[in-house]
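Which chain is which? They are A, B, C, D, E and F, in the order written, and residues in each are numbered from 1.
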Amino acid sequence: MSSELETGLPSIRQLQNFIRDGKEVELKLLTGDLLTGKIRWQDQHCFCLSDQYDQPTLIWRQAIAFIKPKM
Amino acid sequence: MSSELETGLPSIRQLQNFIRDGKEVELKLLTGDLLTGKIRWQDQHCFCLSDQYDQPTLIWRQAIAFIKPKM
Amino acid sequence: MSSELETGLPSIRQLQNFIRDGKEVELKLLTGDLLTGKIRWQDQHCFCLSDQYDQPTLIWRQAIAFIKPKM
Amino acid sequence: MSSELETGLPSIRQLQNFIRDGKEVELKLLTGDLLTGKIRWQDQHCFCLSDQYDQPTLIWRQAIAFIKPKM
Amino acid sequence: MSSELETGLPSIRQLQNFIRDGKEVELKLLTGDLLTGKIRWQDQHCFCLSDQYDQPTLIWRQAIAFIKPKM
Amino acid sequence: MSSELETGLPSIRQLQNFIRDGKEVELKLLTGDLLTGKIRWQDQHCFCLSDQYDQPTLIWRQAIAFIKPKM
């Protein structure tokens, strides 16, 4: 478990932009689940996604296939 | 196998909060299984989830897709 | 391939208890298989599970979703 | 999280060529999804793929099975 | 890519025994495939399994769920 | 991302032999896909497989279950 998030990487910055802008995103997981919501924060292990009722879901990075802005 | 749990990370703290509060959670696994219960402890490899009969289940971090509070 | 099993971790100790007690367990794998038996030993890569005929099965840690005592 | 992309590796260079040439590619994911588009950038964790409407999708390396030029 | 196989581990030794004894084994993969044959050698990345026609198959450790002696 | 391919390992050498001999192989992926072709090169992350039309496919090591010579 490395202890820092490399904020200089494009992918980390892109996610920080989604967080800052309150962007609604679609997250496809390796389970095949498709989740929708806003990313609240990220750390090395997880993202926190909140849905329309502001319920938080902790999502493990290892489970992510892709993320894209909701159209 | 690194030897410390990074307690400063938001995801680890969020899980510690679930443990402290005895929060009932839903765990989605990469197998597609959905488990429900209370998280008793966590270490670098596993969570221990106990169900309504207080039976412990050791769940590997590698198998987790997401965790959220049960509504 | 790190060379030591961290025997101080709760998950490793829990497994050592299952081994010591000859506890019958259920193992769910990421393949979806559910195996039943007694854990004989563990190392960094594998568990050895023996079934009712005392046949050993080497199970890779990477393949494990969860383990729980058989009810 | 290692901090550098090894630009000397054939696979990284091949991807850089796809980016430079604006090559349309097919990406097969471990979820079974097949995505089509142009790779905009890569870092250690992700590729950014843009589709025909120039919408970006962040794809995690861990989720990739293969990439090939679209015929 | 670490450069040594830890021959002191029970799982590595068990596999060496299967190799030495020409034991016929069943290999379950994370894909769900079940392969049968004799293990010829192992290294950090792979096993080499040969079938009844002595055809070699290179199997990646990451793909293995379990191995057991064929009954 | 480690920076060297360990050419002394049997699995790496076996693959180098397939490359040198222009051997036609079958590749089973963790997605369940079965690909056929000749391996052109390998690095730490990928293989490059070319099909009968000499189209290259970049295949990630993480996605491989097994490789065997085509019969």
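Basically, contacts are C-beta pairs under 8 Å (C-beta built on N, C-alpha and C of every residue); 3 or more make two chains touch, one makes a residue touch a chain.
Every value quoted in this text rests on a predicted model; they were computed, and no experiment measured them.
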Output for shared partners of subunit A and subunit C reads B
Treat touching chains as neighbours and tell me the shortest step distance from subunit A to subunit E.
-> 3
Given that subunit C and subunit E share one sequence, their CA atoms superpose after a rotation (degrees, nearest 5) of 60
Do subunit A and subunit B face each other with the same patch, meaning over half of the contact numbers show up on both, or with different patches?
-> different
Measure off the straight-line distance from the CA centroid of subunit C to the CA centroid of subunit F, and report it in whole Å.
-> 32
In whole angstrom, the CA-centroid distance of subunit D from subunit F equals 19
Spell out, as numbers or ranges, the residues of subunit D touching 2 or more other chains.
-> 29-30, 32, 44, 62
Is the way these chains touch best called a line, a ring, a star, complete, or other?
-> ring
Round the ring, starting at subunit B and heading to subunit C first, what is the chain order?
-> B, C, E, F, D, A
Seen from subunit D, its contact residues with subunit A in the complex are 1, 3, 29-33, 35, 41, 43-46, 48, 55-60, 62-63
Can you name the residues of subunit A that touch subunit D in the complex?
-> 2, 4-6, 9-12, 14-15, 28-30, 32, 44, 61-62, 64-69, 71
